[in-house]
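In the two assemblies presented below, chain A is common to both, partnered first by chain B and then by chain C.
On to the complex of A and B.
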């Protein structure tokens, strides 16, 4: 029966509940804007990654390579867009 | 009457009223014609509800050619207005509307459907698949594009065309400066078509990853399929930006949000920024499939395998990444500092390197080849030098310091037409000539075809080389007139003559289709060009199921090796084939999208809500619909195969 019990998913579920609780702290505790946003961003991205890997089974088929290269390419494009825009509008305007 | 006032054209002229009458008469003629010849049933059964990738491809092709005509008429009007100094043919507002629609129509409603036509028709055949991964989604893609295009095209007779340029920069496109509904058309029509394009991207990535013929590894795919894969990858990462951008623009115009306002925390420059975050990858979405087509054509008619297959693939992958790193070169003069400009300057120049690799690979493919100058090959041979010229002026524009001199001049206009026409348009027309026999079972006339190419190139050179000169002399783009003292007159007249020759070339293309329908021989076999890839291995016309037996692939040029080296690609015997069912839902839902778009543009809220509910209804219906497709029995396949073999 051991191999039938979805231990990975249960652990993932517990972990995502913890991440949600941590994110909620930003509302209940009185912290600075920078600290709050940092916590929100970090927990949000870990949460997104968790959903993708654990609950959307990104790495469990033979398409693993294609899926992960697409994800990495998407992250690259997003980062370049954000930092490029910051460069144009904030750092060098 | 107040309600109907909003549909009036803000700046009417004789030309617009004449177009209204012409559009009305054409619509009536088409409807009467279909009814008279009793074709409604045929049209509905075989075309409007089809999910067959080949038919969807052909509908893309027809749309693209119609839009090429429409955009071409716009272009002729622009050149006619500029042909002599102080011309009074078009007034300034009308001129603004014409250049805005010319740009949008040519990029989004001509070039995009043209490449979609090639994706749809060629990719499944080239990888030995029976259809795309999501055939129903493919139909939705097409109909959304079609409805978006139609919505955009009625703008100039109902309510007024967009007039803020194809880039539609804020604050000009905002409510303060563009008071007509024109820019609403821009936001919503492109949004609807863009959703369709995004779906196509997902569809074809899945198709290429999951549905290749047994044995075909990624590095054995034909070059056009590779270019389609990379191009669709860029679509999936670039088009969401456009979706968000247009949604924000729509909200600014309809609901008074302040995303692109000058005050209230908005930034009008953000529009330019995000527009080009999408817009620059978009030009690579267009040019990469064109490169893929030229690779197929050059390799076929040089009778050699493509030189440097791996470097071709690598250069496209590099281009796909770099296309996202360069967008700020479209607004070097917006006010950011030297550091930002230098960064984007360098990345832009770097992109010339992989492009140069491709040019050299084509040259080396030609080296010691047995070159055969057919019409598609002639397009490719004219493409190489003309496109290189456009590439070199592109590197000139990439230098941010020098760009302060070039920006917003005719030099820029000459540059991007110089890459888009010999790059994209030549590939589309060459590819069309190349794949025509596979679609329709006869070839286009070679003699008329070669005249078309030569006239196109002569017209192109006359129309656009003078613009480089007037641009360097200071002629600004988007100016509807200029004084005689500027001295721009003679060269603009030359450009007008060039545009006229290009129009003649297009007319010749249309005549070629008519001539070939009537006189071209029908006994051409399945492989009239002696080509190298799988799409030529099946019958002409291609049966519904593409391949009776799934091909087995062992090399890059599967069909060539089957012909020359005795590889066996069709092993095994015929089995029943599973095919998707036709469905009217994509067409119906897209029609509702059209109504939704129209009511949003004119702020008719009750109708917008009703049509939105209609769209949701279609989605819900689809979710609960049971559709398992159908099987074609073995007897029917054998019958079709015998008939097609006999027709050879």
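On to the complex of A and C.
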């Protein structure tokens, strides 16, 4: 039975729950917008990274380099699209 | 077909390895799909017109339940793949089934949430905000719905054919898809719900 619950994945799950609890602080505590968004950015990206490495086995094979490049490029284009659009349409710069 | 026994079953042939890599490329495109939805959501977030704002319609309880259910399902499918690598088909089937049940629970809460929104006057065409909110949540929800039926077919096929390089590969790719849906949910939870309720 014990071999079915590898410590790495159990720890990954526990850590995800902790990060979710930390993110919830922005709801339960009264804090500034900047502080809140900073907490959310940190917890969300750590949790996403955790999924990728612990659960999706992204770095296990010889395709490791190509898989990570592909993910990084996807994230880069996503961030440029989101922040570029915000810059033009919301922040009026 | 050359089978390399030093590798887990799902990676054991050249074709399997390429299929997994190909699915990662598809996930790259999925990142962009959700990025464009998030972009539009952030642009329309405060354009509420005569409709309600996020702070008025978001409720923490169902959102938290959805988060925990999806997070737990991502954990159980991870355990399912671990069991598959140990060659324990029965344990794998149990974990996959638990995953799908948790996924159904998630969908139940989400449907309940959508019905509540509509009752509160936050329909698809109420305002820029509700329109993009429902489109973004709906796209994720449709992915989970599709994943449920995909996972069900995987379970049936493994049951019928047993663990072969082919079925193991399909199961692994399905697990990548399911984990990815949890990643997207983390961003929806953080930057749509929590940000809206802050």
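What we mean here is this: the second predicted complex is superposed on the first by the 73 of 93 C-alpha atoms of A that agree within 3 Å, B and C clash if a C-alpha of one lies under 4 Å from a C-alpha of the other, contacts with A are read in each partner's own complex, and residues count from 1 in each chain.
We take it that a contact is a pair of C-beta atoms (placed from the backbone, for glycine too) under 8 Å apart; a residue touches a chain by one contact, two chains touch by 3 or more.
Bear in mind the structure is a predicted one, so any value in this text is a computation, not a measurement.
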item	value
First, second, both or neither for A:74, with chain B first and chain C second	both
Which superposed partner A:66 touches (first chain B, second chain C, both, neither)	both
Which of chain B and chain C A:43 touches, first, second, both or neither	second
Superposed model, chain A: greater residue contact from chain B or chain C	C
Chain B versus chain C as contact partner of A:82, first or second or both or neither	second
Contacts of A:92 with chain B and chain C, given as first, second, both or neither	first
Where chain A meets both chain C and chain B, residue numbers	63, 66, 70, 73-74, 77, 81, 85, 89
Complex contact set, residues of chain B against chain A	209-210, 233, 236-237, 241, 267, 269-270, 273, 277, 321, 324-325, 327-328, 334-340, 343-344
Chain C-facing residues of chain A, complex	3-6, 9, 12-13, 16-17, 20, 23-24, 26-27, 31, 33, 36-37, 40-41, 43-44, 47-48, 51-52, 54-58, 61-63, 66-67, 70-71, 73-75, 77-79, 81-82, 85-86, 89-90
Sites on chain C touched by chain A in the complex	7, 11, 17, 20-21, 24-25, 27-29, 31-32, 34-36, 38-39, 42-43, 60, 64, 67-68, 71-72, 74-75, 77-79, 81-83, 86, 88, 91, 175-176, 179-180, 182-183, 186-187, 189-191, 194-195, 197-198
Residue numbers on chain A that touch chain B, as the complex places them	63, 66, 70, 73-74, 76-77, 80-81, 84-85, 87-89, 91-93
